[in-house]
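In this document, chain identifiers A, B, C and D correspond to the written order of the chains, with residue numbering beginning at 1 in each.
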Amino acid sequence: MAAATASNALSPFADAPINASLTAEDKIEILRKMVRIRLFETTSLREYQGGNMGGFLHLYIGQESVAVGSISLLGKNDHVITAYRDHAHALAVGMGMNECMAELFGKATGCSKGKGGSMHYFAPDKNYWGGHGIVGGQTPLGAGLAYALKYQGKKGCCLCYLGDGAINQGAFHESLNLAELWDLPVVYIIENNGYSMGTSQKRSSAHPEEGLAARAEGYGMAWDKFDGTSVYEVRAGVQKAVERAHEESRPSLLEIMTYRYEGHSVADANKEKYRTKDEIQKQKNEKDPIEFWKATLADEGIITEEDVKTINKEARKEANAAAEFAHNSPYPEPSAILEDVYWEVDNNTPAGRSGRHFFYP
Amino acid sequence: MAAATASNALSPFADAPINASLTAEDKIEILRKMVRIRLFETTSLREYQGGNMGGFLHLYIGQESVAVGSISLLGKNDHVITAYRDHAHALAVGMGMNECMAELFGKATGCSKGKGGSMHYFAPDKNYWGGHGIVGGQTPLGAGLAYALKYQGKKGCCLCYLGDGAINQGAFHESLNLAELWDLPVVYIIENNGYSMGTSQKRSSAHPEEGLAARAEGYGMAWDKFDGTSVYEVRAGVQKAVERAHEESRPSLLEIMTYRYEGHSVADANKEKYRTKDEIQKQKNEKDPIEFWKATLADEGIITEEDVKTINKEARKEANAAAEFAHNSPYPEPSAILEDVYWEVDNNTPAGRSGRHFFYP
Amino acid sequence: MPRTIIYREALKEGLDEELAHDENVVIIGEEVAEYNGAYKVTEGLWDKWGDKRVVDAPISEAGFIGMGIGASMLGIRPVMELMFYSFAYVAFDQMMNNAATCRYMSGGLINVPIVVRGPANGGTNVGATHSHTPENIFANMPGLKVVSPSTPADAKGLIKTSIRDNDPVYFMESTVLYGMKGEVPSNDEVEGGDFLIPLGSAEVKREGSDVSLIAHGRAVITALEAAEELEAKHDIKAEVVDLRSIRPLDETTILESVRKTHRAVYIEENKPFCGVGAQISSLLMERAFDDLDAPVLRITSWDAPAFYSPPVEEVQIPRPDDIVKKTLTIC
Amino acid sequence: MPRTIIYREALKEGLDEELAHDENVVIIGEEVAEYNGAYKVTEGLWDKWGDKRVVDAPISEAGFIGMGIGASMLGIRPVMELMFYSFAYVAFDQMMNNAATCRYMSGGLINVPIVVRGPANGGTNVGATHSHTPENIFANMPGLKVVSPSTPADAKGLIKTSIRDNDPVYFMESTVLYGMKGEVPSNDEVEGGDFLIPLGSAEVKREGSDVSLIAHGRAVITALEAAEELEAKHDIKAEVVDLRSIRPLDETTILESVRKTHRAVYIEENKPFCGVGAQISSLLMERAFDDLDAPVLRITSWDAPAFYSPPVEEVQIPRPDDIVKKTLTIC
């Protein structure tokens, strides 16, 4: 099977300048990132089932190439914002497994001090602006991050991810118009995994033959649609949009075809009802982005079975250590409830001391 | 000038079946409606300036052919809903000048008992569902009226009007997706008068060459764009969409090019700043829908100068009588404030008598 | 005969019966049909009633709720599910303007018989964006009705009444209560064969003479636990009053209770500033001033967005112990 | 030297000075630039500051306010104009979730220094859809600040402070007050050369000993007129307390006043259910119970959507006479 997919991998995309410029180390790092993400999530799933977390857990397993491939293109003035399926983007921008796992456990050592949970990861120091639970709600924020870059004269862009179901939120359309009207350097990336919860694209979105991203045409906005299995293809496709943002300060709408293996969230009891076991298995066999990338690198003679084993072993070790770290971390004190609500209060400024800010207890 | 425009009037649209079927009486009635609308509005403007009204007054002068032409196509199961620039549609569906004028005066005899004002006319008995002040807010309602028709198995449609600036409200896009996804018999009509308040289309809306209605393509929805000067053209263009709704239960998005002579509202002090006097004058000279229709009918030998004078005289008389009626009507009693809030209370049902509904006074 | 069923089942029974009662009733929402509902409230209804009566909607709350409002003007009776009531915020204009004001602005020519239902609660560790409790917000708007059932019986009786009501009713449930058991009369026990509970009628869920614990929604259950402890440990007989419907509001029952006990505490899971408790406190201020032996106290969620961390969020939301402590300060 | 200018001018001065004070301040809204503002609050600012600093937006409130929230996370300080605050309802999710909760959900890593300003009032016969007064609604949400100035001086001093505040501030004005005259200190009179009024500080607009008339926004002006009449006709000395900022709230000034007068009436133009007056009444209930010689009374708009008809809407909104009558029942 590996062989089969490997040959597909010898695609024109490998020769795209942005890919040709990758060193062997770069390519192995990309593999490592994807493997780390997957093991972080399988571990978080295990811990969720072990009763160590509350709320939701939306897994990205099967989609890793999209976040890792696109974020691998970014530089110091480029920013990232996404929805609630946000673990992969967090690790891709460089957040550590420890603070991410601890956040799932609701521990004080979590990236959001246990306040945000799975859907609400943030790391502004890594240009990562969340982690947003309201479908489509992040799309105006993405335009805003781009607006700020342009306002401050910085050459950068914002990658704003959303799901295929999120395209039916009005705020997204308002954002598209603003982005095109004001030439904002934002790249909207529809991670099209075919379903919004249990609803297939067909049952939720009216669109032309060409696909969901074609909605960009109504705004005269550049758009593209491509498969997400190969990191090369993802990088080649997203790079065009990043350049458009950097060089012309113009927005783009991209649709990347991908697939999630798990349910919408861990609580999804119907994950094999609204789609068949076979459909899922077929994806795993033929389009798994990690297997595909492994085969590609093997093909290129960059990695051996050994290397892969080592990468897996290290990643598993790291993920287990993160779970350990989360287990051993303390929960926040109740006093933390009234912290991080107002900047002025947290910083004990005169404004923060003027008048009553909290009305219970 | 009349001659000039008249020749344009001999357009292919005159021969469109839906127009060929019009009797001379029908055509004269269309003229009468447009003239009555214009005189209703010039009279309301006079009364507004006379200090007899509060709030806003958004005039439709210059756009009459759009409302009258499209609504002239409707039957008993067809419905109409629009925004706040709603006087023309009200008179076109058959509301009387008296209750419309009295509403502007805030009198108890107004179509909404003085509760709605200029922006909020309603006449459900005439399939007229408002009159809505929130830009774009009526667009989901339009889909809902169509949904109800389909649900009840009635062969009808809903014409839902919106402005060129309203296309940038998210609710409109959500409505387009729902309408196409669920095959709702709704016809969205963008009355494109080139401006949203003082903002030109260019400064507010990103769109492809083809125009604003092309946004429909993102939903795979049928769309069309045409000039609104000629009632024939309006009827021919809208009829296609009405048939699509009636015969296939499919939605459409239409963009009709038109122009408003007055300011955005009577309060608009900049009406000759964001556009030139010349631009306005040119429209009046070359594209006035009433002059155009007069010339057309004269050309067809259907009306004489005399007839036109009579129609004008009668309309002016009717409008003045309406102002008279409004002047002489009583204001609502303060007790009316707490009426028409809850159906159950108004109808004094057990539900309406159970618990407290009003908390002041 | 009396049966014990869970809150979720009771709701579903109510929905099922109203689908049968009126062919214009249609259930619309995300995942309500083929998926059987994100919280299984509509489980089986699509199988039974089919595509026309139970409809899966795209993630377009402003669009489909606005659509329902429009359809209701022509006589359809849409029952809209919000997967979380927090998502009302993207449909807020439709819910506050079109649903609440069209009747008024038309001088009474229109009415909007729509129900928008779904869970409005914190306590399930889904974070700030998913834990809004807007009962005070919607009840502020004249033209709207707001209902919040705390038991399976109330859930069934009130959803049926809400669907038959000819005004817009915003029906706020709780995911924490969905699995809660309770007695619900079967139809053969009730006259007319329909178990309907009127809006605007509060219920004394527990008799008492020393203090009135007034609440709505899940906080009623918390108050009942507190009342048990107050009696057992402190010999204080607390009366528990459940508003059930916030607007219309049954002020009579509230005032009767307080005029008997002379002491009151309002408990809710909403945020404090301008919460429902503030309204009830001001009501007692104006109408029971001389009957009060102590100030009316309020218990709400801690005044911050919802905290994700399970053990901390548990502290953030009113617990029986918080009620006991606060009550003891005035008894 | 002291100058008398109108409310609209005072606001514009504040905006102009903050545009000068910080290059990251940008004004965005519908018709704020080339049109000079629908209500002329931003008149001349586009001519002076140009396209980058004063920006006309399409009719996409959710889009451009959400965009402003995102931009503020990177250090921009957007001052957003809502032509009417009623239009906040189409941007409600952005204003309640993204502006209010991102700081919290990130454990304090983010702050959102945005101002959303515009008129939030009835009384101008624009009908129910354009006359919402959501100060209680936004103040319910922890993470947000709500300000409502009643005079030109407060308008200028508070808008400047709001723009410099590092949390989201929702600034609610009144079209009825835009033309109102009042003394506003010129910068050379104030130390630091900047006329700033802190949020969270109420002001006693009129001293009195018999009753406290507490209000916010335009209702303060109405209360002042009522106070004059109470003194002239009934020899009652009413103290008028202006909240100015609703959240944060200056409870100290409120309590001091009521502990002096022992009587209070809250006046607002909002709807009654869960209005700001309910919160203040419950505050006095909890903290001034023994100081009260009479129940705290509330005056609000009549509990219905805004009525268009000019003479009727005038009745719907609190008038001096309503205040006088109600006050006399407790004095």
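In this section, contacts are C-beta pairs under 8 Å (C-beta built on N, C-alpha and C of every residue); 3 or more make two chains touch, one makes a residue touch a chain.
Predicted, not measured: the structure shown is a model, and the values here were computed from it.
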(request) Could you compare the number of C-beta pairs in contact for A-C with that for A-D and name the larger? (result) A-D
(message) Taking each chain's centre as the mean of its CA atoms, which one is most distant from subunit A?
(response) B
(message) From the mean C-alpha coordinate of subunit A to that of subunit C, what's the distance rounded to whole Å?
(response) 36
(message) Taking the mean of the CA coordinates per chain, how far is subunit C from subunit D in Å?
(response) 31
(message) Measuring centre to centre with CA averages, how many angstrom lie between subunit B and subunit C?
(response) 40
(request) Would you give the residues of subunit A that are in contact with at least 2 other chains, written as numbers and ranges? (result) 112, 114-116, 120, 132-134, 137, 168-171, 174, 177, 181, 203-205, 341, 358-359
(request) Indicate the residues of subunit C shared as contacts by at least two other chains. (result) 58, 60, 62-63, 86, 89-90, 93, 97, 104-105, 127-129, 142-143, 247, 271, 273, 279, 298, 303-305, 308
(request) Give every residue of subunit D touching subunit C within the complex, in rising order. (result) 62, 86, 89-90, 92-93, 96-97, 100-101, 104-105, 127-129, 132, 136-137, 139-143, 247, 270-271, 273-279, 281-282, 284-286, 289, 292, 294-298, 303-305, 308
(request) Going by the contact rule at the top, pick out the subunit B residues touching subunit C in the complex. (result) 79, 81, 110-116, 120, 122-125, 129-134, 137, 139-145, 147-149, 151-152, 170-171, 174-175, 177-178, 181, 339-344, 346-347, 350-351, 354-359
(message) Considering only the defined contacts, which subunit D positions touch subunit B in the complex?
(response) 30-31, 34-36, 38, 56, 58-60, 62-63, 86-87, 89-90, 124-130, 271-273, 298-305, 307-313, 315-316
(request) Quick one: which bits of subunit A touch subunit C in the complex? Just the residue numbers, please. (result) 53-56, 103, 106-107, 112, 114-117, 119-120, 132-137, 165-166, 168-171, 196-199, 203-205, 270, 274, 331-332, 334, 336-338, 341, 358-361
(request) State the interface residues of subunit B toward subunit A in the complex, per the touch definition above. (result) 168-174, 176-177, 180-181, 203-209, 214-221
